[in-house]
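Working notes for the structure below.
Labels run A, B, C and D following the written order; every chain starts at residue 1.
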Amino acid sequence: MQLEKYKIDQHNEVFSAAHKRKFTALTADLPHAETIVKKLADFQVAIPSWALGTGGTRFARFAGGGEPRSLEEKIEDIGLLHQLNRSSGAISLHIPWDIPKNGAVIKALAAQHGIRFDAMNSNTFQDQPGQKLSYKFGSMQHVDKAVRRQAVEHNLEVIEHGIALGSQSLTVWLSDGSCFPGQLNFRKAFQNTLESLQEVYAALPASWKMFVEYKAFEPNFYSTTVGDWGQSLLYATKLGPKAYTLVDLGHHLPNANIEQIVALLLMEGKLGGFHFNDSKYGDDDLTVGSIKPYQLFLIFNELVEGMDARGMDHTTDLGWMIDASHNVKDPLEDLLQSVEAILITYAQALLVDRAALQSAQQNNDVVRAQEILQNAFRTDVRPLVAEARLRTGGALDPIQLFRDQQVREQLVKQRGLKTIATGL
Amino acid sequence: MQLEKYKIDQHNEVFSAAHKRKFTALTADLPHAETIVKKLADFQVAIPSWALGTGGTRFARFAGGGEPRSLEEKIEDIGLLHQLNRSSGAISLHIPWDIPKNGAVIKALAAQHGIRFDAMNSNTFQDQPGQKLSYKFGSMQHVDKAVRRQAVEHNLEVIEHGIALGSQSLTVWLSDGSCFPGQLNFRKAFQNTLESLQEVYAALPASWKMFVEYKAFEPNFYSTTVGDWGQSLLYATKLGPKAYTLVDLGHHLPNANIEQIVALLLMEGKLGGFHFNDSKYGDDDLTVGSIKPYQLFLIFNELVEGMDARGMDHTTDLGWMIDASHNVKDPLEDLLQSVEAILITYAQALLVDRAALQSAQQNNDVVRAQEILQNAFRTDVRPLVAEARLRTGGALDPIQLFRDQQVREQLVKQRGLKTIATGL
Amino acid sequence: MQLEKYKIDQHNEVFSAAHKRKFTALTADLPHAETIVKKLADFQVAIPSWALGTGGTRFARFAGGGEPRSLEEKIEDIGLLHQLNRSSGAISLHIPWDIPKNGAVIKALAAQHGIRFDAMNSNTFQDQPGQKLSYKFGSMQHVDKAVRRQAVEHNLEVIEHGIALGSQSLTVWLSDGSCFPGQLNFRKAFQNTLESLQEVYAALPASWKMFVEYKAFEPNFYSTTVGDWGQSLLYATKLGPKAYTLVDLGHHLPNANIEQIVALLLMEGKLGGFHFNDSKYGDDDLTVGSIKPYQLFLIFNELVEGMDARGMDHTTDLGWMIDASHNVKDPLEDLLQSVEAILITYAQALLVDRAALQSAQQNNDVVRAQEILQNAFRTDVRPLVAEARLRTGGALDPIQLFRDQQVREQLVKQRGLKTIATGL
Amino acid sequence: MQLEKYKIDQHNEVFSAAHKRKFTALTADLPHAETIVKKLADFQVAIPSWALGTGGTRFARFAGGGEPRSLEEKIEDIGLLHQLNRSSGAISLHIPWDIPKNGAVIKALAAQHGIRFDAMNSNTFQDQPGQKLSYKFGSMQHVDKAVRRQAVEHNLEVIEHGIALGSQSLTVWLSDGSCFPGQLNFRKAFQNTLESLQEVYAALPASWKMFVEYKAFEPNFYSTTVGDWGQSLLYATKLGPKAYTLVDLGHHLPNANIEQIVALLLMEGKLGGFHFNDSKYGDDDLTVGSIKPYQLFLIFNELVEGMDARGMDHTTDLGWMIDASHNVKDPLEDLLQSVEAILITYAQALLVDRAALQSAQQNNDVVRAQEILQNAFRTDVRPLVAEARLRTGGALDPIQLFRDQQVREQLVKQRGLKTIATGL
């Protein structure tokens, strides 16, 4: 479903006076408010096609209702999100969960919703019905060359689908690893994986990027063959200039300093993109900003600083994607919260007084450096984010409008209560 | 299937000379070898009914073949394990995955295999087909009394099944908790849970125990309502003398000192039992002893010391159960490895020179205390464990015999390649 | 040194127009702003006497200058902090680092600065010159009754000092534990410790509280004898109604849900007080709110909710103390930042719409519950905190005034560059 | 002090019958026992000069007695260890704690004890008396070029000392990092550090290696500038072929898979050496093998496999050093335990049936792979280690002899009770 424009306008009218007052009060002290609003308006976060249905754990999945039953309905859902917040203008597809029957038709449908195709995601962590060889013992790392070849060919197919849709990048997340000491020869697993990645890399169109995602653990519980940023960087470096590291916020060991990793990858010119989510224990895939919002701010602080230092374009030079699971929330509401959290944090990072921070650092004025960061973080930037939405035609309060319009109830009516979207 | 006794005898003959040599060499220095062998022979570890099939993660499950299709076949599998190692003479049932149609018949079948029924396990972490109310937001903690009542009634049913089978205890593991800050009022969740547990407790037969299992995280990723030993002890204390804490080795935060927890629970008279497995990151449910065998030894060291100090019977006064998942191994082989690891570790703990240790502790002789523990741990006690098996009619090398007899191949032939046992 | 009042007034004049504007804008939407400002004005955080000098690690200590050379100078420093922020009106003394030669004189000096004596802290984790028996192998847990007795007597002395100063509580932090498996009998260590604590408890004046602090690790690296909240609660329960658990934010295993612990301790009526700081890895003793401000908010959210539910007084019914180390910052500036962070977070917690939250929880509206908490946290409450300071005679920007008045430079001039305050 | 040879002989006579019996029983089944004993006899572990005195934490240090008062006495202590176990034939010096007044004399003294000089260690994590510039805000990362230069020059001096003593390598451990967000520009800190390291690297003699040690946290509690293996490898790669990564077992985040890191560094030809110790929580610096002996085995398993795959010499191609702290044990006894644990583990790794393991891996026989590793680990290899000691003139039970000869008592008599060796 789509919302008629007048409904958004009516909603905004209700909230605009209060918004205007807050926006005015806030921007009175912000010389660069206009620039920030402009950057916020430009910033787009890709929605993963698998995140439109209810997620689950190995223990259970408590499906909600009205979940999209097809790629078309997934695009429709993202179209709706984008209508509401104007910041979800991209979709990240997962193959084979979302194989487009006709690329051109799907591309046109997405375009109608103002949506482009972000990174394509391959899947060699599950066996698909009818699949010849099993990934039980890994895919690109597998001791059997035939399994590796199958995994490579799957990735080549994914690239083909991506080309048809206008995507420009491939995210390779491998669950490859081992559950027990002795199961793998780490070195050979690395080399097999590298060889497989090289074969995929060779098939990459000139303009494409390959994102090598790392993860500390799960579903393998002893070792992971692309286990941390150091390993991912090693692969990316050996692969070549089109290969980059992708950072998923939930893929680290406890207490990792992710913002430092981000800064160093940017320094090396090897940061490719992000999977946003939040977590307390492992790859919990919670709503962005729901657990450690200050960590997210520190990461964005490094992103803004590092990208500016390299003259990178904030909106296009890195891949921004959400990768979360919605076990107890309405997936669309959850995604609205995640995108909002990202924009708020991005705005806070843009607020940081760079010159003052640099000067404090140069003088080892640790107290002052902290004050500068905290000043940005403690500022209530929500009026900036809302203003960006208002100017681009979105809703001042997307979740409120979503609820007022009873979107979920209508989706249930249309699609049924027992639909289950593909995904985890 | 069952093995004919002569096959075990033939197998033992092949290995007996080497075994005898090692056993003799080892026991030359061990005055109490006979006592230890006797204790090992008596020690029984319950096999969970859900662990006889291939496990999986939220990402995938790569089923093996020949998995048991019914409770009867599960009992048969455990019977086979018990034939091989003579230490698996108990089964821990999970309801509703293993509802016996006729308790008396099932009990008799188990008895034929020398198997008794250990703790019964209830399940309020999943919705079952046709279930009236959902556990999406918890069961015993639920804000809705009707959901809590449903969860209580399920547990009452489980007790009924257990009575019919001769079980003496109920394990309550609750996945109740929350995924996001604000979702729960922690205090009310505790009190609702306590109230529900009290209703179950009230229905417990006089001779029964209730085990309150705790877990730090998963499947809820922000809070768990029975989250650590402190909380479990609080519930158990408020419930009364039949309520105990159950320790699952994988249910702790990183770096937790589990052996100290065990010692203190024993001190309080509130340790009820164990779920054995091993893990590196979270509730990885790996084979017992495969990752941190020394930690397991330190735990058994406390168990032996603490049980002896209270005059407890090693074999009957605590519940010993395995709770593991077999994602990449044959489940039966995995269980043989787990039971073997438990017996080895128990033997090592029995080897500890208690008087010398106490004296070293009394003198703050830290070097000596370490030497005493390491001496026990570094001793190759496998001949003791093998001897216990030999004397009770088991196989000297259970996995070898399992493979030599092509058990899995036969099970596949009988049951098919695509069977999937109930469980996770 | 003390600041003349007119300097504070001059400072406030400079910043008052901007402050007034922000305060007005913020409170336009806050019906309860006045109540919150009042509560903020009443809230007092005790400064530990050992935190007025530069801290260090086992590797090095890089002393600053102008550190207080005596208890009198420490009180003077806190007096200055209190002048600046009007929220530091208490001192938490550490014995033997700060033994008052004359209690009455010291008490009068503190009173001049508007400072009262919060919890007294004993020290049995170090050997003092001339001490008869060593704490190398623990104090209250020690296998030697004479050592335990020495530790008890030290605590009795600390109580005596506290009575003379008008303190009402004793904080017992024990570093007791072990570095190696086997070193301790956990049970005996617990019982020895309990017995020692009971002797101290028996000497507690009727109006006093005893805080039993727990810590997961450091300086003992295998076990700690009061290692987590569960153990502390066990001691406190066995000791009696005057014994409480004290929570130090840095004393947990990785990923612990501290806010849930706080809620449960409040539920049990056994939460005694707090040691505020922040940390990323262990007991890092960093500035409050510098690493995980949202966690701090969630803790305060539980505190406000739980105290209100029990009808507790926010300012007097729990002990609020800072326990941080200042390795790279000016200690006084660091403390100003910590108190500010506490007040900001307290204000955010007071902003939470309790009725709406309760209703969201009752409806399992997880999205809404999150929005309610985030709304409070994302609000820029600094004008409320500043207003509370303004009304009580403090400075609008304490650190700015501290720097403008060159306080540190003057302290260096008075006390010298090479002074080192007692502490860690 | 040194032990007269006859005392060792007498000691060995007492224990030789029992030893012989065990050795014979064990080697009956080990075809390669002789090769293993030979390798064990060749293996030498360097003792750090700072580990001969009692260690401490930031809370306290409980000094023992008879600690070495000079570099000469430290060498004497290591000479004694080497006499006892014949595996401690190297010393790793720390500058400025152990500046030799006369290199040639010290070298000759060491040679008398059969001790060579392993890696030299520089110290830019503390300020030394009279030092011009402070390392409070880092050394090689420092924003001030003059501080960086001072740190570089210190390292050049250390190299000079090392040349005089015949050392062949320099270990650079930097505590550089930050305690608070904002304190550092991560990128600039990296580049400053790289530039500084390059200046040191340029001064390295042709035959020397530089070891770049990494550490996750402590004494900096927010970020460390050489924080993990990925960063260390980045530095080492940019520096050149003489630069390597050094792995200290206690310098990782919780749950890190260190053996995989070791395997990958070996694969890259960039593993330089080891600092052995053990830990449960952080850089606890406990006795090697006292907490996680199986992890140590898995690391040695990778070392043996990886070194053999590259044709590396086990004894000379990597630097083997202990880096532990002895807070509650006699330092010499603790070191004896550590070296023993290393040799036991090395022996176990040598026992692994490589061909069978490779075949199991090739067949994804995870059960078998685990059995192969566990078989090696569960074997009691102490007779092999003892035999190696016996053949090279050491004692069958070094700690027993150390105690029987009342070595510590004599050292106290010679050196006094209150001596404190330089170190942490």
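Points worth noting:
What we mean here is this: contacts are C-beta pairs under 8 Å (C-beta built on N, C-alpha and C of every residue); 3 or more make two chains touch, one makes a residue touch a chain.
Note that the structure is predicted; figures quoted are calculated from it, not measured.
At the far end from chain B, in terms of centres built from Cα atoms, lies C. In this entry, A-D is the pair from A-C, C-D or A-D that repeats the interface of B-C, since more than half of their contact pairs coincide by residue number. Note: centroid distance chain B to chain D, computed from Cα atoms, is 39 Å. One finds 43 Å separating the Cα centroids of chain A and chain D.
Multi-chain contact residues of chain C, defined as those touching 2 or more other chains: 136-137, 178-181, 183, 216-217, 222, 254-255, 257, 280-281, 287, 290-291, 294, 328-329, 364, 366, 370. Chain contact topology: the protein chains form a complete graph, every chain touching every other one.
In the complex of the two chains, the chain D residues touching chain B come out as 18, 21-22, 25, 28-29, 254-255, 257, 280-281, 287, 289-295, 328-330, 333-334, 337, 344, 364, 366-367, 370-371, 374, 377-380, 382, 399. Contact residues on chain D toward chain C in their complex (touch as defined above): 56-60, 62, 125-127, 134-137, 175, 178-181, 183, 216-219, 221-222, 254, 279-282, 284-287, 290-291, 327-329, 424. Across the interface of their complex, chain D is touched by residues 136-137, 143, 178-188, 190-191, 216-217, 222-223, 227-231, 233-234, 253-257, 259-260, 263-264, 266-268, 294, 298, 301-302, 305-306, 309, 357-358, 360-362, 364, 366, 369-370, 372-373 of chain A.
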